[in-house]
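Next come two complexes built around subunit A: one with subunit B, the other with subunit C.
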Partner chain A sequence: MSTNYGGYMGKVALVDLATGRISEYPWTDEERRLFIGGKTMAAKIISDHLSEIVSPLDPSNLLVVTTGPLTGTGAPSSSRFNISTISPLTGILTSSNCGGNFGYYLKKAGYDALIITGRSETPVWLQIHNDTFRLHPADDMWGMLTGHVQEHLDEKLAEGANGRKVKNGKIVIGPAGENLVRYASVVSNERLAGRGGVGAVMGSKNLKAVTVSGNKMVQAKKPEQMLKLNQKWFKYLHGHPLTGDQMPRLGTAGLVSAMQFNGQLSTKNYKYGQYEDYEKVNGETLAEKYNIVNKGCLTCPIKCARTVEVNGKAVKGPELETLGLLGGGILNNDIELIFKWNFELDELGMDTISAANTLSYAMEANEQGLWDNGLEFGRTETISQLWDDIAHRRGVGNELAEGSRWLSEKYGGKDFAVHAKGMELAAYEPRRAVGLGLGYATSNRGGCHLNGGYMVIMEGLGLAMDAQTPHAKADGTVMFQDLMECISATGQCLFTSYAFFPFFLLKYPQAWYTKAVNKILPMAGPVMRIINKYPEIACIHLPVIFNQSKAMELATGMNMKFGTYIKAGKRGYVLERLINTKLGITAADDKLPKRFTDTPQVEGDDSTKVPLETMKKVYYDARGFDQNGLPKEKILKKLKLDNLAVAKMPVRQPLWEGPAAAEKKEACADGNH
Partner chain B sequence: MAYKITDNCIGCTICAKNCPVGAITGTLREQHAIDGGLCIECGVCGKVCPKGAVEDPSGVPCSKVTKEQWKKPIIDKDACAGCSVCVENCPKDCLEIEDPKFHGDIHTVAQLMFHKEDACIGCMICSKVCPIGAITF
Partner chain C sequence: MVTIKIYGTLRLKCGMGQLETYTDSIKDACRLLALATGTPEKEFRRCKFAVNGKRVGLGTKLSDGDELVLLAPSGGG
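Coming up: the complex of A and B.
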């Protein structure tokens, strides 16, 4: 099915691993206009089949790999691709974004998306070259680490091309995905679609890897104007203090120090917001002592990735989340150990955030006498072995592989099992950035800072509005959730949105105008509400700071202004919510552990709790949801979601399986014997 | 779209030996053919063919260009952001992002690899894919 829009390749492939059948999935220009690409497109595809999906690890689940229309057009940081599925970690929709080169090459093969369903009887890998799809046995690769299997696949492809190196993109899983660890990731080069257990879903399909190559080029609708915009945009990002200096110089790790000063750095399983040894595990130490070179994903001028040495080899360095959670989070001040663990987790194919948080939960459960597991804060010597045990589901690792929600159901300690909807939180402590707390609680994929709107950038990590006030947090969260949804959908990196904040506000934090902006922001809720309710009124391109909507217009030929861009993001966000509500999610699930809502971070100072219920009320109103968190008919109609199959389907039983379900299954199996 | 080999082909195999993606097949002294599914339109076949037996995607016959005359990319180092798109797309792997000039250097840019300068076939793919037009020939 071809397309009249530029930027897209016009085809979506559907692969059924049970039968080996390959077909073209119907996807129209109207759907392209409404659902753009990336996570929004994937949500639409999954929503159309939601009633057929039996459970996350059942063959009926879909693994949907999508690209965005800007991927391959030359727009900055646009090589990102998305993997969505129903998550074994949360039982609801998850979307995981990755900076590897798979999406770029998928478009070279002529496809905008790849849908994988069914389960192969035996382990396989899928080779795609343009329209040729081949399934090969993967018995020899089963068990291989993610780096090794990628090298092995390059050799296999070269074998099939008379020894010539074949340029290709890959997605692979490691032992964690094979063994259905609930937070297993999918790896592409050194980058990961880390969150939500997409690797376990791939493993449940017996699919070890996909390689893709091709000789097609992405055509923008207006290539000359696109080139000019890109030149301007690259220059702007280069000159911006966040995207041109802080991010390339310190990486995401640069935020560790700022979080420490703000009391936002998760410490000892989020009990505290500051870690006394933070200087040993911060971005400055990483940059000054260890970073070999800053690297970027393909097409990225920001280049925030780190390179460090582990066992004499230059490997990807840790991000902020990993430094925070495997540093202060478990009271470890040895940064070299974090490099090693980060590498090991990538090689095993496991999400560092969920793995770290599950570990810190287990340490606290042990400390409180709930679960005798031998794990203690500050004791690090057994941790490398523990990752291997989790990935291979051995001993205590077998239980840790289920994630902190599952463990807290079994052993107790729900108040300090730091997850939202089953997904472990990032390294930001929300009691000193309450807007982010609301974001974590309402995020569609569970405890995610990015999907949650990342309000913390205005609560001390960029601008410095009052981090404790609930004012304007709900409307700000809605606006940024929608904005980031659309940036992801187009195939771009969310870090391009850092440049949304004019450089002078960030460069001169003490200037009178910056202070004035910080003071005014808590009062800006009603203004943001107007955009949230009526985004279409912003029928302009925002000059200089926001090039995304213009890029979409030039690349695709769609009529896309700032307002329509935000509206497309809103459509995606509400669609994801709609899917989740059909899987049983209501306002009662938009919650945080009591550690954040009932216990102040600073003893005696009640403002250092997350006033979640207060903010939620405003949030639902701003979103057009009822107070039970369900999208109202009016908003569905406005976003053209009211006629989708998912809007009409009844609410299903939750798909997440806790320890009780496992016990029940075991009992049934024993009964059968 | 892809390059094509015409009846003028004498089967000398030079094009097949030079094709960076192995898209050309054929036996000695017989007409060769280009696989449109592999051809990346680098045009090296047209530049090396002694008989002018290669047509470009728009049907224009190519003429032989001696290796000494193949142009090399000129990278505008001030504009280059080191985004790696040229490196990823170079069919001969002769581009790279330079090493940091000092510890903490954050402005590393693309360059033609010193020891692989001869490998460059002057295909100009790097120039076509550069998002900001920082590569000229």
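Coming up: the complex of A and C.
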């Protein structure tokens, strides 16, 4: 199947590991126009097969790897790819986004996406070169760490090419994926599709790795104009205070100090918002004492990745989340230990966010006498061993491998098990950025700051909008969730969206106009509501600050203005929600632990709680959902989702299984009904 | 004596993370920082400020024992 649009390769591959059959999956230009690519495209594919998926770790689950139309066009930060599936951590749809070069090489092989279904009887790895697909035994790689297996694959590819090094993209899993740790990740070079347990789904299919190479070229519809736009865009990102200064110099780690002063830095399992030893684990310390070199993905001018030394080897440094959650989160002030743990978790193939939060929950459960597990805040000497135990499901590690929701159902402490819909939260403490709290609660994949709309950038980080007011937070959340959804769908990094805030507002926080914007923002809800309800009225390209829609037009040839871009993001977001509602999600699941909604961060100051229910009402209205959180027919119709199979599907039993279900299964297996 | 702490990229640019000095206002503190580091004063004046953990404006007065923090706007993920 081919396409009339530029930017796409026009083919989607379907690999059934049970039969070894490779086929082309039908995907039309109409679907390209409506569902763009990336996580939105993956959501559509999964929605078409939702009724067939028995459970997250069943062979019937799909692992959908997608690229976007901008991948390979030279647009800045556009080499990302996405992995979507039904998550073993949450039981609902998850999407996990990754940098590196796998997406680029998948398109070089001639494919926009790769769908993997079924389960191989024995461990295998998949080699793709152009239109040739080969499944190889992977028994010799089973158990290998992610770095080692990637080196091993390079050697294997070279063997097959008379010793020549083969340029390729890879995705691999480590022991955590093999052993079905619910938050196992997929690793690609040093980058990770970290969240939601996509690695466990890959492991459940007995698929250790995929390599991809090829020699096809991505063709933009208007290549010369695209080139000119890209040049201007790179220049703009280079000159912007966030994408051209903070991110390249400090990476995401640079946020630790700002979050500390805003009271937003998760400390002692989010009990507090400030960590007294933050200076020992912040981005400045990392940059001044440890950073070896900055690294970035293909075609990325931002270069947010750090490099540090662990055991004499230069490895990827930790991001903000890892610094925050394995620093103040567990009361550890040794940054070198965080480097080491970050490396170990990557090698084992585990999400640092979920691993860290599950650990801090366990420490608090022990402290409160709910679960005698030997883990204590500030005690770090056994943690490296613990990661290994989790990945190999040994001892207490076997239970920690289930995640914090599962553990809180077994041992209690739901009020401080910091997750939303089963996915552990990022390092931002939402009581001092209540809009982000709403984002965490409503995010389609669970407790995610980015999928949640990242309102914290306006609530004290970039801008200084009142962080405690609920005003305009719901409409802002909807707008930024939709915007970021589409950026992700096109294959671009979400960090390019920070340039959406004009540089002068960020560079001059003391200027009268910046102060005025900060004051006006809480009153801007109605204006944002108009764009949320009627995005098509914005039938222009936003000059300078937002090049994404123009790039989509030039790359694909679609008619895509700012409004249609937002609408495409909205379609993706609502489709993901629709899928989740068919898996039992309602307004009752859009929640946060009581630590955030019932206990003020500052004693006696009720404004330092998240007024979630107040914001949710406005949010559902702005989204076109009923107050039970279900998309109304009107919004489905408007977004052309009403005729999809998933829209007509009945609600299923939830696919997440807690400890009670596991005990029941064990009892059944023992014949003890 | 006031303790001044600088965070964000400005700390890397000016090569100084902390300064202890006698000063009675944020504006004066910015002037002193410029003298001490050779970095233009405007670079300091356009930061966000916090005194003893509380966000304040450029015009704020300082007292003996205060901790002044200079922060650049930031974003990440």
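Note that in this section the second predicted complex is superposed on the first by the 671 of 673 C-alpha atoms of A that agree within 3 Å, B and C clash if a C-alpha of one lies under 4 Å from a C-alpha of the other, contacts with A are read in each partner's own complex, and residues count from 1 in each chain.
The rule we apply is simple: a residue touches a chain if its C-beta (ideal position, glycine included) is under 8 Å from a C-beta of that chain, and two chains touch if they have at least 3 such contacts.
Computed from a prediction, not measured in an experiment: that's the story for all the values here.
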| item | value |
| --- | --- |
| Which superposed partner A:296 touches (first subunit B, second subunit C, both, neither) | first |
| Touching partner for A:249 - first (subunit B), second (subunit C), both, neither | both |
| Touching partner for A:532 - first (subunit B), second (subunit C), both, neither | neither |
| A:454 touches, of subunit B and subunit C: first, second, both or neither? | second |
| Touching partner for A:261 - first (subunit B), second (subunit C), both, neither | second |
| First (subunit B), second (subunit C), both or neither touched by A:231 | first |
| Which of subunit B and subunit C A:464 touches, first, second, both or neither | second |
| First (subunit B), second (subunit C), both or neither touched by A:287 | both |
| Contacts of A:164 with subunit B and subunit C, given as first, second, both or neither | first |
| On subunit A, positions contacted by subunit B and by subunit C | 245, 249, 287-288 |
| Subunit C-facing residues of subunit A, complex | 241-242, 245-247, 249-252, 254-255, 257-258, 261, 274, 282, 284, 287-288, 304, 319-320, 449-450, 454, 457, 461-464, 494-495, 498, 501, 506-511 |
| Contacting residues of subunit B [partner subunit A, same complex] | 2, 21-22, 37-41, 79, 81-85, 88-89, 91, 93, 99-100, 104-106, 108, 129-133 |
| Interfacial residue positions of subunit C with respect to subunit A in the complex | 7-9, 11-12, 17, 45-48, 50, 53, 55, 57-58, 69, 71-77 |
| Subunit B-touching residues of subunit A, taken from the complex the two chains share | 73-76, 101, 104, 129-130, 132, 161-162, 164-165, 167, 215, 227, 230-231, 234, 237-238, 245, 248-249, 287-288, 291-294, 296, 298-301, 303 |
